[in-house]
């Protein structure tokens, strides 16, 4: 940290430098978001004469919702792992990086809304596109954090490490976003459930990380 | 961390390695889940002419709900202690272990739903079985984390410690799950409140840890 | 940690030993609880022709609720400071101490319920007594943690410190609980708002810590 | 920490000294608050024959709400960065400082209420003034923490640092609060949306920190 001419150190040089606080608020927002998702699963109500059979039917009708909520939990899990990996490589933070992370977290707080929208209107292209835009926001802010962090030299600096890490993480985000975009674009021709299934598969790929060489070159 | 042939270190080797972040998101999800449980206790509404006696009756009617919520708080407490014990024995984490923990936390986020379902339909076998399956999911993912952690050598390695810790934690999970299964199976023959009482007793056993030698050989 | 005869170390000796996790879940539960309190303040709804004057009236009617919510925020703040002070004096934890803290946190999760009950029925003795019992639960579990911690030698051990700390913290809890009990008992003779005002004053005393020698001998 | 005459160290000297706990509960409250903001965005409901066009209209009607929620996320982000910067400069805490932070956090928990009020009544001066008073509470408690921390010598003490830091952070808060006050006062003459737009601009200025010399002298 260099002083500014005149010996006055600007506030902005001291702001947002604490990596632990970024991790703390991130874990909090992800935790609240993940728990709220499942809250969206409304416990069925039955008439006074409802039977176990009626409850079974009511729970089965929750099925599609459970799928959408599981998908969103995976979305949040994937981006939690991704952000954690990026933060782990940092040696320090600064004000701009903190705000890029807050923008990323803004995207995280939108996930329960996008999920509830898609769960209520699973056959509407508009709900699907909104959900996809949420994923785009998460991916782009994560990428912006990476790019800015490199430029501002916030990452661990070793002779061998940075040159290979940067394209690795960047490539991973771009490939994932391309797959999400293809999955979302499918809804132009096919019903929305095809897109939902494809997004689900893309996510399973990143959760389970099978050895599909072409997807894991990065 | 060994590099992969060709000198390219894969993203997955760097992902999910931060134990503090796993602890952070876990504490967050448990905290939100535990607080939401009690939110399920709806504050009674009375008519304009309601008396203290009416409120007393309304609170008494909350009684069974309070039991179910207390039971769920114990469930979450038991698994919070169990996960904490496992994490405490780790020296490091990796991507797969992180995802096993996220699957465990997915089970945690389901507890408020299972609890609300059982609180609304305490006499329905289906609600009880769903609740029990939630406990099974928690136990199995905790066990999976243990087994994987051992195989991937994530645990503290000392000459004397690992050999005895592994069967200890594994045996504890399996015995607890057997007791829960017996309690749940009871509902085939008896009314569901017998099962609920038995699950409650199993949990009290793990909370209070009395000296019952046969249960605490592990 | 001594091994048990026969060389088998019991699970319970390894469980609940992590002070950071206790602090983490505590901060999470207090944070969720404090935020949920204010959620209880329902944003007024007005008819389509509502004026600013109508909104002003509606906000004024929220006044008593704001008082109850502020009181509960103070309650949570006082016990958060109290628990933090106790945890700060510990060098280690164990399974029993962790469960005493979970019981304390169970009391914390009940505060939003007790608050909403008192906010809805501020003139009902029953609501006041329930609120007071919640405070008693918080105080008694904090005291139990202190007493157990001393007996189990979890606290910092120095020649001079422990002997003076123990009666200090114990005396503080007991005096506070006596004041709360007097405030609550007042409702036998006087209307409940007298008790509410007294509890409010007791809390202000602990928040502001004025120099009233008799209250701060401990 | 000096002992009190007579060798009795008072409870208050030991209370609230843990900076990590203050950071922990702050991150938790900010995280819950930020996530709850977006929960305020109600997922539209359509009639059984609703079309994609109807959903599009419903989402467009959410537009003003989205603006208010985004503004509140920025409010919380700005104060999270501000508080983090202040805490980062501390070497220790004490009981009074902890309570000033709790008062600040009380202001944070009010933000979802103020936001929902303004989102429901965006044309009412009263809602705008309430929102502005919330910002004033946040600014004044942050300032009080700074002033008290300086007086109680809680900040990092170096020959060169403290003298320049204090006016820097104080000046920043006072300038920001003046801008917010001007923005709010505008509603005396102009419609409330002018004030909302001005508050939005003030916040963008602090988020993006463009090089406007007069605003960033401090």
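Quick notes on this structure:
Letters A, B, C and D mark the chains in the order given here, with residues in each chain numbered from 1 onward.
Operating definition for what follows: a residue touches a chain if its C-beta (ideal position, glycine included) is under 8 Å from a C-beta of that chain, and two chains touch if they have at least 3 such contacts.
A quick note: this is a predicted structure, and the numbers were derived from the prediction, not measured.
Across A-C and A-D, the chain pair carrying more C-beta contacts is A-D. Look at the contact of chain A with chain B and you find different residues on each copy: under half of the numbers used there are shared. By residue number, over half of the contacts seen at C-D repeat in one listed pair from A-C, B-C or B-D, namely B-C. Taking each chain's centre as the mean of its C-alpha atoms, chain A lies 36 Å from chain C. Mean C-alpha positions place chain A and chain D at a centre distance of 25 Å. Touching two or more other chains at once are residues 24, 27-28, 31-32, 36 of chain C.
Across the complex, chain A meets chain B through its residues 23-24, 27-28, 30-32, 34-39, 41, 43-46, 52, 55-56, 59, 70, 73, 77, 80-82, 84-85, 87-89, 164-165, 168-169, 172, 207, 209, 216, 218.
Chain B meets chain D in the complex at residues 28, 31-32. Within the complex formed with chain D, the chain A residues making contact are 7-12, 14-18, 20-21, 24-25, 27-29, 31-33, 36, 95-96, 98-99, 102, 105-106, 109-110, 112-113, 116-117, 120-121, 124-127, 130.
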